[in-house]
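Structures follow.
Paired with chain B in one complex and with chain C in the other, chain A is shared by the two complexes that follow.
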Partner chain A sequence: MTARKELLLSAAVVVLFAFGPWISPLMHLDVSIVSGVLVIAIAVMSVNLLLGYTGLPAFGNAAYFGLGSYGAALSVKYFQVHFAEAIVIGTVAGLLGGLILAPFLLRRRGIYFGLLSIAFGQVFYFIAYRYTDVTGGEDGMQVPRPLFVLANAHATVSDFGFYYVALAFFVIAVIAFRTIVRSPFGRTLIAIRQNEPRVRYLGLNTDRFIFVALLIASTMAGLSGALSGLLINFAFPLQLDWHQSGYFVLSMILGGAGTVWGSLVGAFIYVIGNDIISTITSWWQIFLGALFVACVLFFPRGILGTLQALGRAPQAFGDDDVDANAAFDPNAAGEAGRGV
Partner chain B sequence: MASDGVLLEATGITKAFGGVRAVDDVSLQVREGTIHALIGPNGAGKTTFFNAISGFAFPERGRVTFRGTDVTRLVNWRRIAMGMGRTFQTPSIFPELTVDENVRLGVSAHAKQAFRLRAPRGEAKAAVDGRVDELLGFVNLIAQRDRPLAELAHGSQRLCEIAMSLSTDPVLVLLDEPMAGLAEAETDRIIGVIRDLRVRLGLTVLFVEHNMRVVLSLADRITVLDRGKLLADGTPAEIAANEAVRSAYLGEGVLDHV
Partner chain C sequence: MIEHLGPQLFNGLVLGAFYAIVALGLSLIMNLTGTINMAHGSFMTLAGYLAYTMVLRKIPFGWALILAPLIAVLVGIIVERTLVRPLYKREPFYSLLMTFGLSLMAEEAFRLIWGPNGVPFSPPPALAGAASLGFMQFPTFRIFIVVVLLIAIAALALFLTRTRFGLRLRAAVQDTEMIAALGTNTQVLYAVNFSLGIFLAGIAGVLAGGMLGLSPTSGNNLLMPAFVTVIIGGMGSLFGSIIGGLLVGIAISMTTLFIPAASEVSMYVLMAIVLLVRPRGLFGEEGIFG
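== the complex of A and B ==
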């Protein structure tokens, strides 16, 4: 895809979403559901950066997501912060989570990285679950949406207004994400996925790259969690749970690992499917599972990755095209050669 | 740098896997400007020794000194920054990337461009472009530069890996079985490149090899390992005349050519 074509297509998607509040009723969707798609897409992007691009099994990103949600909810409840402040606090909570966990996660690669990610995530889950006095425990905490305050003016944030907040953050996230993965830094992350020992034998400290990737991902997941919590006015332990992490990973694979827009496609399927199909049948999870199996077996590049591959010859470095199979290649990011 | 011309010195390197001592108390000196071969039958511990030198896996005992500095426990990427380059028995490359992109990654890394959010422009870009051209020219892969490395023959992948290992401006190049699995014609091409490493680039080379014909035609100095132990160390003529080496290679008849 040429740069011009890509820009036009991206602009078309954004314009389409700009009319979201008018289009969604035609699809019998509540506007807040579409807000949810945009918000969750940011969390899926955070998994995509680590798993799709860098090859790290990011099976615990719900930890940062939940920290974002609780960060926003707790600060609203106990410190009566306003709307924008709650978003900032939630995002910073995600980043702090990343700062705490990254030094430990860095020490392992491959499946052990994945297991550590899950285990650390569960620690946060149990804290939220058990620390009932503060977090409301299993029931979670319902927090009214805070006021938006600018100078002396303040306003309630309606679902309509929230939609454009979500869209704005989504657009910022996509631009930041695209800038990162197309940069020399992002190219190095892809190289780490393909052959980490070789990157080290080119004189690069791969730990440093992975550390920064983890911080970027935890910040994105924190932002997504903060927005998600404010959208539904609710923070609850399952947001931190490894199932939630799993849904992010499934969405990323479905949408297209290693593609900039695949995260949006994956989040769309997951959120809409969860909302619509689950009201029709309680077997929704089976549909999701079957879809995932079919995806991995028949189009491992995911929906967008497959469409892109059909459109032109694969070019691993020229574009945002990364094979999802390769993301799971145990040799791609092995333990060996790290000089442990 | 050590004044006596020793670029790399390994002393008493020992490494065991389970109960097996893959490398047992092996020492070696690589002098500046030499082409030094490390040979031995299968399972002699050549690659394990190589890994200890290059920091791929640390030895249990022993000491590695590079350019006068103890690097025994130094992480591998720092050794590269100190002027070591290495290739692997199975070429360690980015198969999905083109030849150009493979080499460019190393050149960009060395130019401290890899951590940036902006691609190099102007003079910085010209410097990277120039260096990539130079390296591709050295291994004669200019014509294939835009092809994914996975599509190329094994020998060309090797050459590209050599170019990658040169992209960080090393003074010492470690080559782990550079001719393994290559046809005769490809072997000759690599032999030429290894000679050029010293003649044209003035580098020091330490290489692991099976093929005695290659070793005797290239090396100034040969170290022989057998079952993890140091068997002999000397000039090609001395090694060819060495009784212990002859018996380790008995039946292969290769030493008679000297």
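== the complex of A and C ==
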């Protein structure tokens, strides 16, 4: 796939989403649901960077996501900040969470990394859950969407307006993500997933690469969380819970691990699917669980990964690194079980 | 405050014994197959609810304590054979994700069968009172719990060190291919190992139901402390799981006494401190799990 074709396809997707507010009513979807897809896709990208590209089981990204949401909500509630400032504060909160946890996480690999991510991520859940006076505890905190202030102009951000804010951030995130994974840095991350000892023998300090990857991922998850909190005007402890991390990982697998656009596809299926199922039945959790099981057993490459494997995929929509999916191929996996 | 110290310390040990036994089951499964069993809590809840139903049907508590975990083991074997086994050859996070899905389904199923709220599951009358330990009074049921859990741990230790099968199991943890080459059916090993883990979880589930209450999420509430326990004790070490569990239990009970608001966070602080001093956990082995 040529660079030109890739650009055209990507542009087509963005243009399609630019008409989202007019398309979504045709699908009987509220525009804020589609905003949710774009916002969650950023968080899924953060998991994709760590798990899909670097091979680290990132089961704690909800911590940064929730920190973003709480960062935005708390700063609006207690310091009356404006819309743009709330986004920045939430994003920085996610980054700070990453800075705190990264030194612990990057010491380990494989399932040990996964276990540490789950356990450490849960700290923030309990803090939000326990400090009821500040955070509203289990019920969470409702915060009205702040005004958008530029110079002397004040404006409220409608759901319609928010959609384009979300789209703008999503486009920035995709471009940044693609740039990162195609850069020498991103290539090194892929190499770490494929064979970390070899990368070390080449003289690279892999811990340092993973540290930076963790910071990038926590920033992205923080941004996603901040936008998500502002979108639903609500911050609640379950945003920080490891269940949420699991949903991100599932979305990533559904879309296609190690593919640039897989995050959007996965987020789309997860958010829209959840919305539809939860309106049809109150047993949605059974369906969601079954989706996990079925996806892992029968569909581990995800949609874009499968398309790519069939050779029909527009390569631009996947990653030109064919091996990216080989690691997720059940038949190609070598050493079983053990973490490293 | 100080007069509560003794009972609270003992409470912490009881709680710690729970964490230890859940962590033991998790570790068994994790060490051999690299599977992080997120559905472990669901098996505990399942055994708890089964025992609750049995006691309602006038089956003695003692029988329920054995039968309910055995039924959970039966379910576990089916799950292992059909769902977990295909994943052994894949990246470990797949089985984590799959068992996570199972726990979501199980939680909803419990809600549908036994109702969304907790059910009252009180210990049998014979164990209901309080016993004198000489220096303090303590609920009989909790003493019973400690005794049962100690027996379970001792039996596990004997099984792993004194029986041929246990030796094979430990050998398989070190080198599965070699033990297969020497003529051991590793599929059977995996199944028995999984069952052992589930059986421990089942016993803990029944006892925890009587002490901490029974609800669709009650087992999962014990899962996170058990993870922390495994990390503190060190992955790959069963002995570490026991010590780690007791440490976590004491840490939680002490902070509950002195700083109640920090009771959940305390174990994570403990975990962070342990990892700073010993990145592999207290008894974690060199080279295992990176």
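The rule we apply is simple: the second predicted complex is superposed on the first by the 310 of 340 C-alpha atoms of A that agree within 3 Å, B and C clash if a C-alpha of one lies under 4 Å from a C-alpha of the other, contacts with A are read in each partner's own complex, and residues count from 1 in each chain.
Please note the rule applied: contacts are C-beta pairs under 8 Å (C-beta built on N, C-alpha and C of every residue); 3 or more make two chains touch, one makes a residue touch a chain.
All values reported here derive from a predicted model rather than from experimental measurement.
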{"item": "Touched partner set for A:202, first chain B, second chain C, both or neither", "value": "first"}
{"item": "Superposition-derived comparison: chain B or chain C, residues of chain A touched", "value": "C"}
{"item": "Chain B versus chain C as contact partner of A:91, first or second or both or neither", "value": "neither"}
{"item": "Partner chain in contact with A:244 - chain B first, chain C second, else both or neither", "value": "neither"}
{"item": "Chain B versus chain C as contact partner of A:288, first or second or both or neither", "value": "second"}
{"item": "Chain B versus chain C as contact partner of A:180, first or second or both or neither", "value": "first"}
{"item": "Touching partner for A:194 - first (chain B), second (chain C), both, neither", "value": "first"}
{"item": "A:123 touches, of chain B and chain C: first, second, both or neither?", "value": "second"}
{"item": "Which superposed partner A:131 touches (first chain B, second chain C, both, neither)", "value": "second"}
{"item": "Touching both chain B and chain C, residues of chain A", "value": "336-340"}
{"item": "Interfacial residue positions of chain B with respect to chain A in the complex", "value": "54-58, 74-77, 80-81, 85-86, 88, 92-98, 101, 105-106, 108-110, 113-120, 148, 164-165, 167-168"}
{"item": "For the chain A and chain C complex, residues of the former touching the latter", "value": "51, 55, 57, 59, 104, 107-116, 118-120, 122-123, 126-127, 129-131, 242-243, 246, 249-250, 253, 283, 285-286, 288-293, 295-297, 300, 327-328, 330, 333, 336-340"}
{"item": "Chain A-touching residues of chain C, taken from the complex the two chains share", "value": "30, 32-36, 83, 86-98, 100-109, 112, 176, 224, 227-228, 230-231, 235, 261-262, 264-265, 268, 271-272, 275, 279, 289-290"}
{"item": "Of chain A, residues touching chain B in the complex", "value": "179-180, 183-185, 187-188, 191, 194-195, 197-206, 208-209, 316-317, 323, 326, 336-340"}
